[in-house]
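Letters A, B, C, D and E mark the chains as written, and numbering starts fresh at 1 in each.
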Amino acid sequence: MGDKLLEIKNLITSFRIGDHYYAAVDNVSLTVNKNEVLGIVGESGSGKSALAFSVMGLHTKAKIEGSILFNGKDIVSLPKSELNGLRGDDMSMIFQDPLTALNPLMEIGAQISETLILHRPQMSLKERKDHVIELLNMVGIPRPEYVYEQFPHELSGGMRQRVIIAIAIANRPELLIADEPTTALDVTIQAQILDLVRKLKSEMGSGVILITHDLGVVAEMADRVAVMYAGQVVEIADVQTLFNNPKHPYTRSLLNSVPAEGQDKLHVIQGIVPALQNLPREGCRFAERIPWIESNTHEKDPVLHEISPGHFVRCTCYKHFYFPEEPKEAKVYGNTRG
Amino acid sequence: MWKFIVRRLIITFPQLIVLSIIIFLMAQAMPGDALTGLVDPNIDRAAIEEQREKLGLNDPWHIKYVDWISGIFQGDLGQSFRYKMEVTELVEQRMINTFWLSVATLIFTYIIAVPLGIISGRYNDTLLDSSITGYTYIGFATPLFIFALVMLWIFGYQLQWFPTGGSVAPGTEPGTIDYVMSKINHLLLPALSIALIQTVSTVQYLRSEIVDTKQRDFVITARAKGASESRVYNRHILRNSLLPIAAFFGYEITMLITGTIFVEQIFSFPGMGQLFIESVLQRDFSVVNAVVLLFGAAAILGALISDIILSVVDPRIRIK
Amino acid sequence: MAILEVEDLKIYFPIKAGIFNRTVDHIKAVDGVSFAIEEGKTYGLVGESGSGKTTTGRGIIGLEHITAGSVKFNGKDITNKKKKTKAISRDIQMIFQDPYSSLNPRKRVRDIIAEPLRNYENLTKQEEKKRVQELLELVGLSPESILKYPHEFSGGQRQRIGIARAIALKPKLIIADEPVSALDVSVQAQVLNFMQDIQKELGLTYLFISHDLGIVKHMCDDIAIMYKGRYVEQGTKEEIFNHPQHIYTKRLVSAIPDIDPSNREKLFQFRQEVQEEYDESYNEYFDSEGLAYSLKPISETHLVALPEKG
Amino acid sequence: MEMNNMNMSSQQDSAKSPSGLKILWRELVRDKLALVSLILLILIIVFVYGVSFIMDEKEIVKVDLFAIHEPPSEEFILGTDYGGRDVFGQLIIGTRNSLSIGFIVTLLSGMIGITFGLIAGFFGGHIDNVLMRILDFFQVLPFIMLVIVFVSIVPNYTILAFSLIFTAFSWMGIARLIRSKALQEKELDYVQASRTLGTSNFKIIFREVMPNISSLIIVTLTLNLASNIGLESGLSFLGFGFPESTPSLGTLLSYATNPQTLEHRWWIWVPAAVMILVLMLAVRNVGEALRRATDARQRRG
Amino acid sequence: ACSSGSDEETEGTDEPDATEEEGTEEAEESEEESEEESSEDGLYSIEDFGRDKTNEGEAIDGGTLQYGLVTDTPFEGTLNYNFYSGTPDAEIIKFFDESLLAVDNNFNYTQEGAATFDVSEDGKTFTLTIKDNVNWHDGEPVKAEDWLFSYEVIGHPDYDGVRYDATFQNIVGMEEYHAGEADTISGIEVVDEKTLTITYKEANPSLLASGIWTYAMPKHVFEGIEVADMAASDEVRKNPIGMGPFKVESIVPGESVTFVANEDYYQGTPKLDGLTLKVIPPTTVAQALETGEVDMVDSFPTDQFPDVEESLTNVEWLGQTDLAYTYIGFKLGKWDADAGEVVMDPDAKMADVNLRRAMWYAVDNDSVGEQFYNGLRWAGTTLIIPAFPDYHDPTIEAPSYDLDEANRILDEAGYEDTDGDGIRENPEGEELVINFASMSGGDTAEPIANYYMQAWEQVGLKVELVDGRLLEFNSFYDRIEADDPGIDIYQGAWGTGSDVDQQGLYGRHAMFNYPRYASEENDRLLQEGASEKSLDTDYRKEVYKEWQQLMVDDIPVFPTLYRAALVPVNNRVTDYSIQWQWDDWHEVGLTQEEPLLP
């Protein structure tokens, strides 16, 4: 597929906790092409947002290693001013929480205009306003002239999320990162927003990184999907392959836990994503959560294997993975020992 | 907007009434009256008693109160026993002085607080921040009066940069440039003394507001738009952080009142604070009452202004 | 027999304004809702955000003042708080959306679970401890956990502690307000499975509130769709998902993402059609204020909000 | 079978809901400055209360005509004041008195403020409205003036009376804070849960809500304590403080208003000034460390 | 409230006033200050100070003198002798207005002033003649009717000042006028433009000793103003005029006044171009002197003197005995308000004179003076202070510090420690606790009160502070005056004013007789002292000597400290003096434009 728009190589994003740095994104390599939606899925805490923030250069306190090549330029080592030139212009981001992502003291119009002021200073006042109204129209906000002068608190969650999207697409970015853009929204609005992103991609030929934990959304939107677990990409493939032929135990578990037609019992992934400080840094990170699989089936130092063109899986344990016979009742799962 | 102000004023009104009753009753409860101090064998006690009667000092308190309060409604705060003049007139002079002192102090307070708070909040946990925080700690722990005394000592007497007392140089003609300059010159040191001490709470407040705002999501949004760091601070963080400071304004006035009492005493600056202390000591009740009432009104007004500022600048509670 | 009967429930919130903070208007959060839940069934309440689902649940359990209408539990009127006997209060319990905030972080698990017991039953320390341990075991947590604090548990475990607390008094009806929407997919499954298990075991009735149609479909027997404080459609799972009658329901159902990427185009197409229909026939289905009409039965179990003329 | 994830999960989540005291303590110990401050504070408190116990207060405030303005010497560690009274002894007792005032005022105003704030915040509505108007009113009172007037009325004021007067005017800040917190807190599901479980309002307020804002309470009280320690010094300066037979730091400080004392007899006022500074800074350091601890984002580790 | 005894100008409105601000405000005269006078032991004595400024060089022409008014409150600004009530105001008025009659050092009138006087045989009628060249600042001559006018104002029913007192009531026809029954004062007659006669009902030696109201009021200025409004009028507050050596140029209310020379001054044009007066708080007065901000002050807080004496080399210290004393009073009775007289209570706790005497013996006032005031206060002996050299009797033997004597007296009088707790019981064997009231204010008030209590404890007397603390000025006088039964003894202070007559303080009918002491002997002596017979000074001296002795014997009060008043004057100032008789401001000059610095 197309040209490489973004190439992430061996990215390690670490946070300082106490006296040590812990990698929340641990050696991730990904590419995003033009006119492509890359879906990233994973449980909460798996490092999806940390990855997105790294790409946008938004981390203030994290240590970032590796390289993020955007159109060949390395964002990691880019001077701040040049980075600012890219952000909001060539690449932009949609945030998860519409309630807090807008400045409560600024009018909607001003907030959208700001990206235009920053990147297209030559625009006249009127042009700018027209453009903003157009954007508001585009994201499906009724009565844009009126909304232009409103403040965030006067809008509903769905409207605000659309405003955020309007900000993100104002300058027709080449790369759009959407970090859980619909989690806070109702299904109907979600569908509209996803439509919007889709349109954007097809109209502007942009690359999109779509971060979500909703597998349904990924299935509908993505061209390729990366599954993240504990800071690592554990599986990556095009969307058909991933949903029809998932390999990694984690991917399979995730897919199995979604309610589906005729399913009586949902599958449960045992345990939880470990905290950053407690991640097993060696061996297969998912091993702990599939204890019924022989430990020797895990690789010592698992890497992504390309098992078919474009389909990568980490650790060879997938070859041995099976779902445990899930027999007895409630009491069985999660019997904790102190 | 106007409705809102009116509504606030309506709430304010009973506050003032209750305040006036409290003040009045307390004044009544103080031992002695303005004539007690006339310990002079040449003055006929009967004459003093007669004066008391004439001045209504022997009436029951509620009658006195009604007299007093109805006077106030007519803009009459009564007569100062000691100064033998209308309290309104007496207070007017002092109030002008205190007013300008307060204005100067407020200006200094914010001139100091805003940059320090911003620096400290923006570069938090750096050396610069630590030194500013250090200053706020020390400012917080230093009693104002000791600080003011030392300021007077150093800048008034040792260095002789500022006048050491009064509100204006003797002999300057009101209305002239000299007069204004002299007034300002006399204000600087006392105002600075209060400001340096009282600003610390504002600095700290602003700092923590900024540290707080810094982490808010909309700041990240702004960065993601490609806004430079200075733009992020000036356009997004600062406005949001200054907002609570506006709410702080009313409280600032109350603190100021305390501050002026001390500083006027130390710099023998003839203002309301000094007048208050004097009048308490002299049992010049009409003046005590008037001063407390005015200060109370000022504080209430401060709170009102805070609310108005907030309602103007904060769209979330803006009254349309 | 219906364990819970709700008749024309109205819950309004005042909007205050003016100089003296007078009530100028009302938000009609719940506006004439009627339904009944059969014992042992799971009744799903679905709707977009702000449609009044939570308010309905809270109204039934008594957390919200009921403006009008009646709520009957086992035939007894419990609309008015005063009429609600202790015995009835203990029969209705609630599971909250957020497993983090619904447990008091300062209390040990033991105290959390024992709270209803202490309010309703006079148990000795020993008995109480035993009951708590039994409950913990029932929800699949080790009895030793009683001395732990909530933050020492994962989200799913916490939600189970919340459930243990809710079932401590052996209630008959549990109102579950979005019990899994704050949880990760994987953990969601855990809780949903568990809720089903326990329902069988204790013969519980659920009022299951959610905006996730997938989950509702998985969990519920009967489903009601709410819109702006009113019901637009009510029926069995099959009726709602396979034969939605109201345009709003159709739109809602069509919006559910499909996990199969190969359905993408089809779904997209379908959605487009529904949307067109929605736009076209909006006025048919909603009154001039954009509210749903009152429900009309179209079969024994299936009711749809249609205008008078039918 | 859920494995040994228990401790992992616990650590992950502890970031979200600090379990109060333990975390406060941990943060305190981690913050060197605060720890030193705390130790210093404890030492001062133990020393001051201990020593003043065995000290003869009468003896200290006894006027000695022949030892006026003695500079520090072996007999008088910190010299004497203009009444020939031992400054060191006065410093000890003064510190004790100032600390006592600080503690009493902080605790009393804390109790009033917390109760007031909790009730207003928890019940909301009309109750809140009325209570907040009352609070507003107290807040705009020209506090220092009223205290001065009070002090002129109360014929014989002891430390307790003084503290009570101050308490009457210093509970509002904390009440406001607690109220706003209670307003937030009562919306949380655990409070709703308690209600559905049949727990009485009173119990919910004091057994559920209050413990949850305990760290906030502790922090606020600590910071309040810092400002309450020097409370009487200002009044003493204005001449409305304690009689000299009740030594206080403020009295010692106010001697500095005499310019000669300020310039030539540092031993009278400087130790008191330093003591106030040290006490306030120490308490504040502790308070700030506690505050950082409660604010997860500012926590240092 | 009125001030303490520091009316240095002897305006006749003597106010033996309560000294409410103890340590901060004594000061006054002095003589010569020789650098050597700081004695070895760090003690000073009033004898060490001069009262006239030594000139250090020739005065230049003109110059502006900077004058400091030491007070910690702004001055009130009632700038008229007939209306002012606070000392600070008087300190200002004296520069632009003055008494028409001059006094000598004993406060007796002389013929040197702006007017001369003549007394009739019976001592009741005074003929007063204003000299010709005496003019108001606006050029109008000072006339007899101006003088009369001030009497008419003070006696007016609407008058709201504090000047209307017994001396006024003593004028024939004054009471009728005051009651509004008469339009004029029959006892005062304007003879011609410059001459006036005043007739008194009774002759009184005090009349000649500053007893006459000698301040005129410019009638042409005040004529149109209602008496009730005068005190608040601009003519009093903003642009007052007088007949003194300086004219008021501008006033910053409460803070400062600038004066310019009155070229028309009857004693001659002042040497100075002008004078600037400003309020200096007692806390900073030393610095103000050191930096030359002020050349001199009206009074210097004596307790600061030892500290600054060495560094203030640019000033000369003048000093003299202050017109005030502190004392311990014993409550011996009650005030009968209806009868208007004192009623002694034989059962009063302090009724036994031996107890009182023992208490006098028990206190070491010289040490108090030495230790607290470096000798600038010293033990008092009699109630007529040395500032009245003619009347003060230094030969009287007053009790002085002697613990053995005190113990002996107490033992003999039956005050014994019967229960062995170290505290004496009264002769009936009951517990004796003496309640002591003392006033707050001033730096040393508290240690001194404590010292006294300790001293009495040394002789076994248990003395406790009323309320456990010093009483604030107002409540102190409230309670003393009301004869609060909770007060047995108290420490007070009187400014003596310039009149030796003691009836106002110790007479049977004096409200201010706070000890509530009365005896026939006392009545007799005090009446004698103010009688016609006492116009003979020698006789009067005798009477007052007897009275002083009586007081030392009966001890209704005992004086504790006499005081010195100090005035520092910058060395550039010439021809200044603090003698009572001095009123030559027009001769004061400066040796250079800039103040001398240390």
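Rule of thumb we're sticking to: contacts are C-beta pairs under 8 Å (C-beta built on N, C-alpha and C of every residue); 3 or more make two chains touch, one makes a residue touch a chain.
As the structure is a computational prediction, the values presented were derived from the model and not from experiment.
Path length between chain A and chain C in the touching-chain graph (shortest route): 1. Among the remaining chains, those touching chain B as well as chain C are A, D. Each of B-E and C-D has its own count of C-beta contacts, and the greater count is at B-E. Centres computed as Cα averages put chain C at a distance of 90 Å from chain E.
Per-chain CA centroids place chain C at a distance of 48 Å from chain D.
Our note on geometry: chain B versus chain D, Cα centroid distance of 24 Å, whole angstroms. We define each chain's centre as the mean of its Cα atoms; on that basis chain A and chain B are separated by 54 Å.
Chain B has residues 30-31, 265-266 in contact with two or more other chains.
Residues of chain A in contact with at least two other chains: 271-272, 332-338. Among the residues of chain E, those touching two or more other chains are numbered 283-284, 287, 472, 475. Within the complex formed with chain B, the chain D residues making contact are 133, 136-137, 139-146, 148-150, 152-153, 226-227, 230, 233-234, 237-238, 253-254, 256-257, 259, 262-263, 269, 273, 276-277, 279-281, 284-285, 297-298.
By the touch criterion stated above, chain A contacts chain B in their complex at residues 56, 58, 80-81, 83-89, 92-93, 95, 97, 100-107, 114-115, 118-119, 151, 153, 164, 167-168.
Residues of chain C that touch chain A in their complex: 48-50, 137-142, 144-145, 154-157, 160, 184-190, 192-194, 197-198, 201, 211-215, 217-218, 251-252, 254-262, 264, 267-268, 271. Residues 61-63, 65-66, 68, 82-85, 152, 155-156, 239, 242-245, 257-260, 264 of chain D touch chain E in their complex.
Put simply, chain E touches chain D in their complex at residues 283-284, 286-287, 303-304, 307-308, 364, 367-368, 371-372, 440-441, 443-444, 446-448, 450-451, 454, 465, 467-470, 472, 475.
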